[in-house]
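The data blocks that follow each hold one structure.
One chain, subunit A, appears in both complexes that follow, with subunit B as partner in the first and subunit C in the second.
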Partner chain A sequence: MMKGVKVNRRSFLKMLGWGGAGTALAGCDMPTTVTLEEGKEEVVSYLSPEEYVIPGVGVWYASTCTQCDAGCGLHGRVREGRALKLEGNPDSPLNNGKSCMMGQSGVQTHYNPDRVTSPMMRKGNSLQAVSWDEAMAELGKQVSSVSGDRFAFVSGSLSGHQSVLTSELLSKVGSKNHFAYETINTSIWQAVSKDLLGDAMPVIRYDKAGVILSFGADFLATWMSPVHNAGEYAKFRQGERGVLVQVEPKMTLTGGNADLWVPAAPGTEGVLALGIANIIVSRGWNKVDVPASVKTELAQYDLNKVEKITGIQGSKIKRIASLLSERGPALVLAGESTVGQAKGYEAASAVMLLNIIMGSVGTTIEPSVSFPENALAAKQGNTSSLKAFAQGLSDSKYDVVFFYNSNPIYSAPEALGVESGLDKVKFKVALTMFPDETALKADLVLPLNSAIEDWGTHVAAYQGGSATMSLQQPLMEPLYKETKGFGDIMIALLSKLDEGYKQFPDYYAYLRTSVKNMPAELTGGALASDESFWNGLLQKGVLKTTGVTGSLTATLAVAKVGTPTDHLDQTSLTLIPSARLGLWDGRHANIPWLQEAPDQISKVVWDSWAEMHPHTAAEMNLKNGDIVKIESKSGSIETQVAITKAIHRGAISVPMGQGHKEYGRYAKQTGANSLSILDPVFDHKTGELATHATQVKVSKTRKNQILIKMGGSDVQMGRSFVRTVSADQLRRTEGGA
Partner chain B sequence: MSLSNILDNLSRFRQDAESERYGHHDYEHRFGMAIDLDICIGCNACSTACYAENNLPVVGKDYFEQGQAMHWMRIERYWDDEELEHPERGASFIPMMCQQCGAATCEPVCPVAATYHTPDGLNAQVYNRCIGSRYCSNNCPFRVRYFNFWSFYESSWPEPLNQQLNPDLSVRDKGVMEKCTFCIQRIRVAKDSAAREERNMIDGDVITACAQACPTNAIVFGDTMDPTSQVSLAWKKHEVKRGPYTHKEAKSDEEIRGYRVFDELNVDPSVMYLERVRDSEV
Partner chain C sequence: MTATKKMKFMVSVFAFAVFAFVLPATSLADLPVPAHIIPPVGEHSGEHVPQPIDFPHDRHVNDMKINCMYCHTYARRSAVAGIPPTSKCMGCHKMIATDKPRIQKLTEYWEKGESPKWKKVHDVPDYVHFSHEKHIRKFVDKADFPVEDVQQVCGLCHGEVKAMTVAEKVKPLNMGFCVRCHEANDGPGDCWKCHK
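This part shows the complex of A and B:
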């Protein structure tokens, strides 16, 4: 060919280009990938484009993630008018440019093939597509004729201007029935913080802690603000490495990262906390003075008793107590498996007592910082509102009910009778993106824009020490002509009830005006009416301001945790409907990436599974993949067994999120819904659903299937992929403690 | 691929194996990673970010069962191999993806030279040359090469999900091998921008989708040939060097936690892991 000529293919082509002969060769099918020159092999991959191919440049816009209510800031990559990739916004003090798997999947919520694409109204027995005019006319008629107390609005957590508009609608209708409902919440922790520390949402300084003792708080995956927490956790582990001890009956992601994982008997965490407190005060390790009366009360939780109730070796309990004193500053947290009990409030109070006596209040637990505008603050969802709503339904209290970002027919325990109760509601409106269980039961379905197509403002409930409002802006034009923004619908509806709203053609106009009128204390001194302020907000995506700092005053008291007896029943197991970072409370079951992502601990994909301890499984002669029937007082489900040592012998865990009857092709008929069979047990103090208080009978069926999970081996077989070093060796070389 | 080339390359490889340079390539960059297993929490953010960036198909339950999932980056989870009632020390997580070996075992076995070494130190896969012999995947000790047993385009991206596809890289069809590319499309964009601005690439110009997403910053990506890059500094601090495996009797300092998986196979992986730490006194 061209042997001996010192010219390579690229410069040859360039030369041709200069000569104007490039076009003449364009049609020739020259072998473009291999040249053998000077005995050198040079293969050009199509992976790296040719030099004359210019890679497309994406444009990044700032917005806010709405996959859970943590309110992380986003950057979205847009090319040719399409949103392609979401990444964390480095300007957001919540997530500092990072994101979780649910945040990454925002694009699959947006481009999901099962979205509702036009308004639908119930005619006869079926939902039929109607025009927006017809839908809004009917909606206006229903809303203006309903009497105030018979109107209810059911939503997930809400904040920012969406929350303002919802409150406006409720007040115009004359109703107080707003039910903000979230299965995954931190209500009991907040109630206890409020009562014992005087501040519901104190800032948790993981980075300042030397030892974290977490009673079931899965702060790396589902608790408070996971991405923010993970960033703080990394600081906690680096430098002088902090120690993490996790107490819980079923290993969560946080438990998987613990230095010591302690499976106390389900429902006995409160007793364990008081037992640890007793050791601390009796040895004088407490950092804060403890009155004699408290010491006497704690004395009843002596080691033998606590050992017997919790099933944890006394030596281990003593070790945990000494860790708290030696490796401080301490931080003690309480999460779902601890507080999801009939006496959950007491259990969380017992945990908080440890924080108080170890002097964490003021060191690892700092006063809350909140955004200085209450109207924009988060209305956090909880399950006590679900209970109240279900009660209202059974009392036939409502004629018109709105559902937004909430799907109670799926996620409420069947025993609450939400589905049958809804039959008594004359007009049900679902503002939704997807044909979920609740939407398909509605009389009017209004298709919403996705988060990537909509405007909004978000003020996260947990701000981690900052005071930030995050702006959500559309990254692209709506995919479908017939979908609308939530705010747009609210503005349209409000204009029917109040002339004042007619000045706003849409939600954008309302938002723009609201931001223009923001007082200086919200804008950090900038002039909000200035055009550049708005442009800056669009660019940055976040508005940081000086927050209002709360104050902490600790109250020392010993909670009456009692002696839990439920678990003593040897014939039943405690059902743990554990929450997953991924499918969350079931709202992400329609995202294929998240269905195919192996569960972090069990590594199972695409289905439900029941985690059981090998000992428990052996007693029942069960092996992986056997289908079992799990029966509570309130119902039963069937699913496959996944045997794991990462669970207490007396527990069976079926993660929540699967088992949808509707909700699109990826979610429908996949797995079983463990939330549906929960007994209607509530925390007696806060009214929150006791998610970990359901006892179940497990029986073998004759069916089995292959348990589909990632990876063939659960141990490394000596191949040392993951090598482990002990921390005391590390410390010795660092010359530290 | 001629026999003389193979022999020539092999002898050069041997000659250079002793030297600092190690290997038989004239590198412009050698991209590498450092992954701290003590702060990796196993959350799957990196893996999902990889699906979003690299047009990875979702294969569904049945194909997953047959081991045909296409997760370029997967989080493996291991339990301690001890006869305890419970895993007291938690789980061991490790993000596993193509280690972009300097002496890759996948490369020499390809009958059509579809997998080759780039001047950036990457094992690149030329999709349109791949004939699907799967020798490379058979020869990969890390099991990180993924073969398209089926055409997933229709099943994985039903309208309008296909609109999410990244236009900077292709969707691979049936019969083609694929694997982690260290986000080669991002490297290309960074190179182009640097060239346009008439400067050399600097640390931070490229960040892979996984490293970008990681909530704990456990993954550090960069050019190991740039002595000032974060990744180079990490390799240096933890005394991990490019080149053949050198058996160390004992660590000079316990704080040094760096190692390369399957280093003893002499494949010269471009990914350094830092040992997971557990407090055994606890």
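This part shows the complex of A and C:
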């Protein structure tokens, strides 16, 4: 660095002695090695810019986030024709200008170097690049010749005009086989709400609650609409601070925020809920009349029995019950670790019973507000559809299958046999941005535009009381010439089946016409055909309308919750494929920002890991970083141990999202896929995959690797976060006024 | 040698003479320094950067008396001064000097719907945030400095552009150069003002 400059010891010491800006600046006159040499970079001016464009000054456009199905509104900063930064849209009543880490990293989905950039068709054994004309000709041929019942469309959650076009395609083909599949969903909560409250998607008023008892609902990270929930949760904590109690076998982000974290034995949450209900009714704390028959039924969940089954101290159970009664209004929620059981429906029903007897229905749980146009409303994904699709595959029911925003070969448990079942499908089409596991198995791969290159409309399934359609508009020109929008492909395909669609050259034209024809009850009286309406929509990004309000009627019944017997088996542990804000169900494993973000609770960075309780690890003589083999009836994975107290002794948690076999350079061959070894157990009532019902044997291997973790300790070593003194003491010692 | 070839030869001889003898002399000739600014100290001997079109700054600034910010219009509005859009060049050159080879080359670009790919001459590393707008505001707008003389302000960092054809880097534009000027002229001294 100091080439040619001779510094002897004396002058070096002199330099040190000088101090001050003069010396500090000495290094600043060195030619910076990273300074761009003149003439090495190009700078291209605009040809003929729009009036408002100023190089170096960003313009923000409204759009919609598609990183999960919550449908948050976005603002994207565009500079010199490039989308650079995504933030929440303040006009969206869902996320009120906020966004999460997955939303923020939408730019890395868009600029990802592993995008599919040209249509590919299977020729022989390999996928080869073909022209769009060839691809669409083949697609048209396949779709017009397939018989309706042998055509299937697999997607994630869908809404808005993309959903309308999908339904149109299915009806033109004459098929009813639409499988909307999402691993992370709230289907069982909705089914129980529908059956016990008469309303599938009631509005949850976190802000009105004084105490929230959540049975595994990770509402701050993965449940329903996390960004919206977090905003409401902040209100719940402000003013008179609400109390949050979280019951779950593995601490989630919400559990980490709770005042009381209760690790009940996996699968016993329903029993705990009924035990709490029993204390409440036997002490007369219930806010709603409870018939004697219900009281009698509840009486069998006496404290001793519940304590024994759940492994939670009686005093703690009593404390939860008294918190519900004293710190109300109460709100009780049920999420994945509680409902992901063979009797998940019953467990959720037991939880809902607490809401009913504590008078939450009508106070902290309000009637749903749904979007008035059914065709645009969300078609939510779930796992019962995966089960049905897998069944169809094994019965050789399909000849042509479309996959859009869905990668079941990765995310479905291997025991369902999706991968081998797909061999029986003659023509598989993947509409995708990335070469994921399912796409590479397809016969035709159609490269999609990224969310910030594409048009769309989104109506979120859960909107917390508003009825909004959010517009997705391209923030920039597509990066690659050969990618197309999902809607563009659907319009092109529909034009082959129906002359009526030929009037639309692309999806934009279709969308524009559809918005023009919107009835006045959707637009709030504004004239949709007016140009200013469309411009307003582009500007704000959201169309707020008056929703249809549902009604709530509570049904009191005691569910027949199961008491799992498996967990009593001391040699096995319950496998928890925990979901987290970040990699989600694995779809974000190709985003480096999310890969490098440490887990919110365990603080582990990169790779996969298996969280185990210190006692369980000690019994097996395991230490951090030891590689263990985790074996279920359906398969096995290997990963490193991360010892943490934030998990039940009878559980082992391997976060979902890693272990991709394909899916680009950042995702491929990193970690282990915990979803793949889940046993094919389903909730008996809803058919949802029981994600928390797999028992595994854990065995030590001789391998070990360094566990990469932020922070060396989980405890504070008796130190407080910030040293504080009281105002009084300060006045005494510092002599303030 | 035909008349045109002869002409071209003469022009190139003349251009060579300008480059070899006149330019070094003129670039050393100092611009008047505005009274309210203590100028930054430092020299840099930049390379000649060949550009797709040999743009003559001297012709535009010296002969035509065009203000820097007429073309680099973004300087007062944005962090970057910007290269003028091709439409701006064509605004004049649809009519003016259409017989000159450089203008014909420009017109070719315009008709193809492309902008020339200019080579960057002045740049700072990505970890340095430099704003033209802030400097123009301080030294021109707020100082009530006549905007018609703005080249004296621009010249503090860009040198005497009116004596150049294509721009050349004649100031070091490194941290010492910046900080000394900031200290002398009461500019912000916090690290994060530039490194943000």
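By definition in this document, the second predicted complex is superposed on the first by the 659 of 737 C-alpha atoms of A that agree within 3 Å, B and C clash if a C-alpha of one lies under 4 Å from a C-alpha of the other, contacts with A are read in each partner's own complex, and residues count from 1 in each chain.
As a convention for this text, contacts are C-beta pairs under 8 Å (C-beta built on N, C-alpha and C of every residue); 3 or more make two chains touch, one makes a residue touch a chain.
Bear in mind the structure is a predicted one, so any value in this text is a computation, not a measurement.
Enquirer: According to the stated criteria, A:Y508 is in contact with first (subunit B), second (subunit C), both, or neither; which is it?
Expert: Neither: A:Y508 stays clear of subunit B and subunit C.
Enquirer: Figure out whether A:P592 sits in contact with subunit B (first) or subunit C (second), or with both, or with neither.
Expert: The first partner, subunit B, only.
Enquirer: So, does A:W132 touch the first partner subunit B, the second partner subunit C, both, or neither?
Expert: neither
Enquirer: Quick check for you: in the superposed arrangement, does A:W285 touch first (subunit B), second (subunit C), both or neither?
Expert: neither
Enquirer: First (subunit B), second (subunit C), both or neither: which does A:G56 touch?
Expert: both
Enquirer: Tell me the contact category for A:G88 with respect to subunit B and subunit C: first, second, both or neither.
Expert: first
Enquirer: Enumerate the residues of subunit A that count as touching subunit B in its complex and touching subunit C in the other.
Expert: Subunit A residues touching both partners: 34, 36, 39, 41, 43, 45-49, 54-57.
Enquirer: List the residues on subunit B that touch subunit A in their complex, please.
Expert: Residue positions touching the partner: 1-2, 4-5, 8-9, 37-39, 41-45, 47-49, 51-53, 58-61, 64-65, 69, 71, 74-81, 84-94, 96, 113, 116, 118, 124-129, 156, 158-161, 163-170, 181, 184-185, 187-189, 192, 209, 212-218, 253-255, 257, 259, 261, 273, 275-282.
Enquirer: In their complex, what parts of subunit A are in touch with subunit B?
Expert: Against subunit B, subunit A makes touches at 33-34, 36, 39, 41, 43, 45-49, 54-57, 79-80, 82-88, 95, 97-101, 103-105, 107-108, 110-113, 220-221, 226-227, 230-231, 233-234, 237-238, 241, 243, 245-246, 251, 253-263, 319, 323, 479, 581-582, 592-598, 600-601, 603, 605-607, 615, 645-646, 706, 708, 710-711, 713-718, 721-730, 732-734.
Enquirer: Contact residues on subunit A for subunit C in the complex?
Expert: Those residues of subunit A that touch subunit C are 21, 25-26, 28-32, 34-49, 54-57.
Enquirer: With touch defined as at the start, can you tell me which subunit C residues reach subunit A in the complex?
Expert: 42, 46-47, 49-50, 74, 77-80, 82-87, 110, 113-125, 168-169, 172-177, 179-180, 183
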